[in-house]
Structure formats: C-alpha cells, structure tokens
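Across the two complexes that follow, subunit A remains constant while its partner is subunit B and subsequently subunit C.
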Partner chain A sequence: MKKPLIIGSSILLILLIPPIRVYMESIMIIHMLVQLPLLIIAGWFLGDYMISKIPKVFILSNDNGVPGIILFVAITMFWMLPRTLDEALTFPMYELFKFVSLPISGILLVDSWGKINDLGRIFIYLNYLSMFALMGWLYLDSPIQICNNYLVDQQKVLGWGFIFITAIMVLYVVQYVFTDQSELEET
Partner chain B sequence: MNKKQHNFLILCLSIIISFLLFYVGTNGFQAFTAESARVYRLLEEKPSFPDVTLEDSMNRVYPFTEFKGKYVFLTFIYTSCTDVCPQLEMNLAEVYQQVPKELLGEEIVFLSISFDPERDDPATLEKYQFFFNSDGETWRMARITDENELTALLDEFGVIVIPDGYGGYSHNSAFYFVGRDGELLEVMDYKKIDEAAVKVVNTLQNDMEG
Partner chain C sequence: MSTVIGNNKPKSNNKLIGTSLVIGGVVIAAMMIFGILMLLAQGGVISVSDAMFYQFLTIHGTGMIGAAALAAAGVMWYFLSRYVNLSRKVFIWFLALVLIGVVMVVVGVFSFKFASAWTFLYPLPAISASAWGTIGALLYLIGMLILGTGFLLLYIDTGRAIIKTYGSLGKGLGWDVISGKKRLEDAPPKVVVASTMVTIVNTSALIAGATVLIMNIINVINPSFTFDPLLAKNLTYAFGHIFANAIIYMAVIVVYELLPKYANRKWAVTKLFLVAWTMSTVFTLLIYTHHMLMDFAMPKWMLIMGQALSYANGLPVLVVTAYGALQVVHKSGIKWDMASGLAFLSMFGWTVGVVPAIVDATIVVNHVMHNTKWVPGHFHMYMGLGAVVMLFSFMYYLAKIDSNVKESKLDKIAFWCYALAIFSVSAQFLVSGALSTPRRWAIHYPGWMTPAVFGAIAGVFLVIATSIFIIHFVRYMKNRGTLGSDMNEQETA
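What follows is the complex of A and B.
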C-alpha cells in the first residue's frame, strides 16, 4: 500500500515549492489555516504509511497513544503562538523547523488517534474548540498589530477564520449530540 | 522493565519535550510575540549602531559617529505616517522635556530617523519638527539617503517596515537608547514615557558622577 506515501509526500513537496511557499506565507490566514494544517495532513498520510511499514517503532514509542497526542497538542499550540508565525518569515531555522515539526505532529496524530479512547478524543476535540475560539477572539480584539510581518487587517481576517472554524466545530457537536439521542430513542 | 513503567517513562519524556519546546520557543516564557522576542534579542546582543550617513533638517550631512561621546535617544519614523509615528514623537517630546536642559546636546542627543528618504527631504523634516517643538539641534530629525545603509540599519535593529497598501507603512516602534560609543543600551516601550525618562536621566547622572 504505497498510496498514503505518495499522497503525503506530494502534499509536502507541493508546499515546499518556493513560489507556492512564499505566496502562502504572504497572507496570514492562508499561512496559518491552510499551510500549517496541510503540513499536518501530509504527516497524517506519511504516518499511515509508516505504521504499516514499521509498526514496532510505534508500539514501542507510543503504545497507548497518550505521549503522541501530548506532543501533537504541544507542537500545534506552539505554531499558534503569534510569535512563531512571524519568526518563520524572518528566520530560516524557524521555517525549517516548521516544515519538520508539523509533519511529525501529523504522524503522531494518526498513530495516537486510533489508540486513545473516546474520552480522550472528546477532550482533545473540545480543547481545540476552545483554543480556536480564544485565538479568534485574540486576533479580532487586539487593537495592536501582534505580528511584525502582518498588518492589522490581515490579523482581523485570521480572527474571523478562527471564529468560523469554531462555529463549524460547535455545529458538529450539536448535530452529533442530537442525532445520537434521536437514534437512541428509536431503539 | 515492564510495560507500565516503559509507558510512564515515555509519557514523562513527551511532557518534557513539550515543555522544552515552549520554554525555548518563548525565551523562558517571556517573549510570546516576535516583537518582544526582537527586543529580547537586541538586549542580549547589544549591537552597535552601524555607521550610517545622516542628512538632517538643516541640510547637514554627517556620519552617525558625529555623536560619539554622547548618548543618543532615537526613534524610527516617517513623516507621512498618520497613526503610530505622531504618537511616538509626542512621547519622545515628553521624554525630551524631562531631561535637564543643560544636558541636552552636551551629553545626549535626541534623534528621529526617517526610513522614507524619498518623501522626507530636509524641508519636510523641518516642517515636521515644528509640530513637536524639536529644535533641530539637540533633537534632530534626519533621513538616511543611502538605501543600503538604511536597510543594513533596519536589519541590524530588527525594524520591520511593510507597506500597508494605502501609501503608508506599518512598522514596529520603540525608543532606542544608544550609548557613548554607539552601542545599543536599551530598547524601551514608547508608551512608558516616565519610565524611559527616569532611565535616561539616571543613566546620564550616574555617568557624570562616575
């Protein structure tokens, strides 16, 4: 099964093409809400392939999925700090770290997500829901320019982007809760 | 080693790595924005002011080393700026007023450097001076005409200037306090006027006593 490998590495390679990379990073919302998630998705596919190839490594290092998910949360939260986005544009080392750490977080996620229990999943989901809402509020409400490389206008757009994602996540929860209940009532 | 212990060890390891990531990435939980990180780095590195050639509002052209032996308190501006620069300069004026008159020009020089040399010619700078009661001597306004020198200076001090799409620029602002040999002593919050003034006056007085 080489399909995930091909998908994952092609996403990564496309993101690495200099004009695409520079363009994506020139717009704050695309940088944070398209480029970063795509890097994680690329990692997800690569991880899928790696698990089938070297399952032993994953069993040894991430048996119950908890260490993996902790690192995943840490890496993604790290890249949500206003500073890191900015520094990636200024310092090549940061940029390199971004292209390494985020695919790794994707690999960890695909491995851990299958291993952690429902409670863990709900916890992670709600954690991100509140985090996105907070980020949206931060970027919308900030009267000052948080990033040196992006203007306040772009900051506001990103803020709305986060609010939009939060809204979708809330809607998902609501629809999930209600459909589940109706099914229970029927049986 | 049994499985439980093994898993526990790896769990601890993952927590430590996460902690380190944030610790290193924020200079020990101090700098969460690139701006605070920039100030932090400047204070660590204490770069010396590059030798740029200034052209001031009185049409005088001289190198930055002209100020050798004096402290320099400076800001980066451009005169067609409508938001932060007037505020920055108003605050600079307040610091200026708090420094004892006899020290001005002798021990310390105030300097506003424009990074928009195309529009900010000496005549424009002279007009701008008027708004802030800058005398052009103890508080000078100057541009750097050489493109390379200007870029080098902005790079060295981490001043990021981006066009805002409406004919203006957006940039990070601060007070810069430069020592007698052109070394950067301090980067200060331009909104904390009194704090900056106290620091400047104390430094000057300590220096003259010692």
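What follows is the complex of A and C.
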C-alpha cells in the first residue's frame, strides 16, 4: 500500500516548488487557508503510510490518542497566530519549521483521530469552530494592519474566509444532530 | 425506543450528584451573604467602598449563576442517566473544571479587585480606569473559560448519549411524535425532552461565550486589538441570557419526576408538551435580544423579535408544566412533605416570577424600567423562588429515598421562612424598581434606601432557612444508603 505515501509526498513536493510556494504565500488567504491545510493533509497521508509500516512506534508513543491530539492543537494554534505567518515570510528558519511542523501535525492527527472517543472528537471540533469564528472576527474588525507583509484588504478577505469555514462547520453540526444517526450505528 | 437503558444503578451515582448539590448549595448560601451586604450598603446601614461593592456584585452574580447551574446540572444528570448512557468520568471532569474555574474567579475578584459584574461586557474588562489590572481580568476571564469548558464537556456527553439512544436531538425533542411518524406512547420521556432542549441551547450559549471570552482575553493582553462592541454585546448576552435561563429548565426535571411518584399518578407526555418544549428551545436561543432594546444601532426587526418572543419564551413550557403539575396533584391525596412541598412552591415561584419579566420585555415599559431594580426583582423571584427551590426539592427527595434521615419540624419552619423571605427580597427589588431606583448602583439616595434595608433583613432569614436545607442534605450525605424508600426503584414517566 504505497498509495498514501505517493499522494502525501507529491502534495508536499508540489507545495515546495519555489514559484508555487512564493505565489501561495503572496496572498494571505491562500497562505493561511490553502497552503497550511494542504501541509496538514500531506502529513495525514504520510501518517497513514507510516502507521501501516511502523505501527509499534505509534502504539508506544500515542496509545490513547490524547498526547497526539494535544500536540496537533498546539501546532495548529501556533500557526493561527497572525504573527507567525508574518515571521515565516521574514525568517527562513520559521519557514522551514512551518514545512516540518505542519506535516507532523497531520501525522499526529490521522493517528489520534481514530483513537480518541466521540466526546474528544466533538470537543476538538467545537473548539475549532469557536476559534475560527474568533479569527474571522479578529481579522475583519482589526483597525490596524496586523502583518508587515499583508495589507489590511488581505486581512479582510482572510476574515471572511474564516467566517465562511465557521458557517460550514455550524451547518454540519446542525445537520448531524438533527438527522437520524441510529441507522448508521447499526450497520 | 423508549425502553429504559443506561446505567440503571442510580445509587452508585448518588455520591457524585450529591457533591455537585452540596457545592452548589453552600455557594448559594455564601453568595446570599454578599447580597445582604450589598443591600446594607445601598441602604446606608454599613459603609462599603464603591470598589468593594462592585466586587460583591461581580462575585454574587457569577457565583449564583454558576452554583445554581452546577447543582441543576447534577439534577439533570441524575435523572437523565436512567435513560441514556452518561459517562461518570465526564461528570467528574465537569466538577473538577468548574471548581478550578470558581477558584480563579474568586481570586481574580477578591485578590485582584476585578469587578466588571458577571456580564464582563466588552471593553470593560480591559478599560477599568485602573480599578483593576491585567492579572485580575485574566484570572476572571480564563476562570470563566475553564468553567465553561467543564459545562461544554458535560453537554457534549449528554448530546452524544441522547443521539446514541434516540437517534438525533430532533427525536430527543420528540419531533417524530409531533409529526405523527411515531406513536405518542413511544415518545421520549420528559427528562429526555428537557435535557435535549438544555443541551441544544447551552451548547450554543457556551460556544458564543467561549468566543467572546477569548476575544476579551486578547483585548486585555493587547488593547490594540479591538473588536466591534455591538457584536460583542450580542454574543455576551447570547451566552449570559441563555445560560442563566437554562438553569430552570434543568432543575424543573425534578418536578416532572417527583410529583407523579408522590401523587401516584401518571404524568404522560402529550403532543402539546413536546410542542411547548420545542418552542421554548427556539425562543430561548433568540430572545436574548431583549437585552439590546436600548441599542439603537441594532436592526429593528431583531428588537421586535426580541420583544415578541420574550412574551412567548417561557410561557409554553411554564404553562404545560404548571398545568400538568396541577392535574397530577389535584385530588390525588398526595402526601406533602419537604420535597413535594418545595416542588409545588417552585412552580408557584416560577409562574409569579415570569409576570414582571413579561412586563419589562415590553419596549415601552423597558424605556422606563430598563436598568432599574425592577429587573433583579423579576429574576430573584423566578430564580430564588423557582429554580433554586427546585434544587432544594431534589435535595430532600434524594435524602428521603436514599437514607433514613428524617425531616423535622425545623425543616418545615425553614420552608415557610424561605418562601416568605425570598418573596420579600424580590418584592423589595420590585418596589425599588417602581421608585425608579437604578440597578447596580453602589450608592442610593435616601429616598431609595428603605426597601434595601427591608430586603437585607429578609435576606438574613433566607440565609438561615437555606442553611437548614443544606444541613439536612449534608446529614444525608453522611448517612447515604442507610435505608432508601422504595420510591427509588419505582418507575414513572
């Protein structure tokens, strides 16, 4: 089963191609809401492959999924801070850290998501929901330019991007809790 | 599916539930003392610095809402756990997180002088004119966030469990019965309907609350990040109104469970009952806008909706519950003791307490009564004589079915003492409101002082009565499982 390995590494490699990388990072919303998530997705596929190759490591280090998910939340929250995005453009070490830490968070996510229970999953999901809403609000309302590298207009676009994601997440929850889940359970 | 599943060994959970009620009860009694101190200060009897008064106001509001919600959640969990599989571990986490949050709030208020009132309305936490600093604000806001996280975990668990057993939250509210797809006999029990409603509204409230709390935290840490204050106010009251409102919807479950047992009659779920709860679910989510009636920048339709739905909000559930309770009790030869008496009293308190609220939710009246003591008048009545009395009713109920601790004459005296005292405290607020006394003022003109002093005296009797209730319950906690009446195992729905 090499497929996840191929998908994961090709996403990562494509993201690394200099013109693509520079283009993506030149637009704030693409940087935050396309490049960063794609890095996590690349990690997800790589993790899928690694779990099948070296399951022991994952069982030993992340038995119940809790350490993994906490690290995942920490890494993604770090990259949601407006300032870190800015520094990634200014300091190459930050940029390198971004390309390492986010795929790792993807690996942690794929390993942990299956291990934590329903309660943990819903809790994490709702956390991101309110976090995204807040980020949207912050970028939309900020009277000042938060980043050196991006203009206020770009901030606003990003803000709406976050609000859009939040709205989708809310709709998903609403349809989930109000449609019948019992047939699904029994299969 | 209306079969009874879940952890059907209620007694093993009694200690856990009892703990939430003891903590809730003791905090409520302690907060009453701060209430009395405030009234004495407003009445000119003692002198309290202005800064201190607002610390009292903050701790009293936060503590009362938090403690009543904690205890009410215990009541809901106790009854709901008979129908769905709830996690004990989550309840322990809930208790722990709430306690941590409370400690942080208390330290923030008393050691660091944080005093924005429990509504922490943006941008007050950051702009205090040096009355308090960053640390106090952060302790309070993060404490509230942790407390809220505890509640959120609890409601995720109840929601998860209800969906697992009944299929969806819609079915938990009995929508398939309302639409006629399912027979009335298979409707979810009243406990499940009420718990589903609370799960829906409080999860929404807590998410709004978390967002606005973190926003405030960012603003306190770095004031150059500013936010739209009107949106902040909307979110804050969406959280505060719903969360405070949900307390009575959790606590009322004890009335549903207890009165039929005592009266030895069935209290069947009707279509009207289900419709009423669904209506209140929707209304509760929308009517926080009645807190914005003075904000001219709000869209007009939202204010009109706020007014119209506020009239309607509590009423559906209140009417079906009060009517149902009367029907169950009427000519049933019910045995009156502390538990059933308190349950009945709470229905009275709820009904009476709603009237001033409805009056105030009228825009025309609100222009006059807004921010007068009329407002605390209404919610002290319906919280103090409604929701909190339901909690005490549950305490006596649990003590009766799970121990041989007997009720004494003293308890009966406490019952009447409590009823009269909380009625006086509330009436005092209403009179002050009618005299146009503003709420949340540390200092009163001489003409406003008399009701406050009267209220403080009544408050002392209230603390005594409450202490007697709590002592009875603590005695039960020490003698748990000694006897237990057969009512414990009896089935009703």
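The working rule: the second predicted complex is superposed on the first by the 180 of 187 C-alpha atoms of A that agree within 3 Å, B and C clash if a C-alpha of one lies under 4 Å from a C-alpha of the other, contacts with A are read in each partner's own complex, and residues count from 1 in each chain.
Simple rule for what comes next: a contact is a pair of C-beta atoms (placed from the backbone, for glycine too) under 8 Å apart; a residue touches a chain by one contact, two chains touch by 3 or more.
Source: prediction; values computed, not measured.
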Touching partner for A:Leu138 - first (subunit B), second (subunit C), both, neither: second
Which of subunit B and subunit C A:Asn148 touches, first, second, both or neither: first
Contacts of A:Leu129 with subunit B and subunit C, given as first, second, both or neither: second
First, second, both or neither for A:Asp111, with subunit B first and subunit C second: neither
Touching partner for A:Pro67 - first (subunit B), second (subunit C), both, neither: first
Contacts of A:Thr84 with subunit B and subunit C, given as first, second, both or neither: first
Where subunit A meets both subunit C and subunit B, residue numbers: none
Subunit A partner contacts - residues on subunit B that touch it in the complex: 3, 6-7, 10-11, 13-15, 17-18, 21-22, 25-26, 31-38, 160, 162, 164-165, 170, 172
Contact set on subunit A toward subunit B in their complex: 61-64, 66-68, 70-71, 73-75, 77-78, 81-84, 86-87, 90, 145-149, 151-152
Complex contacts: residues of subunit A adjacent to subunit C: 118-119, 122-123, 126, 129-131, 133-134, 137-138, 141-144, 177-182, 185
Complex contact set, residues of subunit C against subunit A: 87, 90, 152-153, 156-157, 159-160, 163-164, 166-171, 200, 203, 207, 210-211, 214-215, 218, 224-228, 231
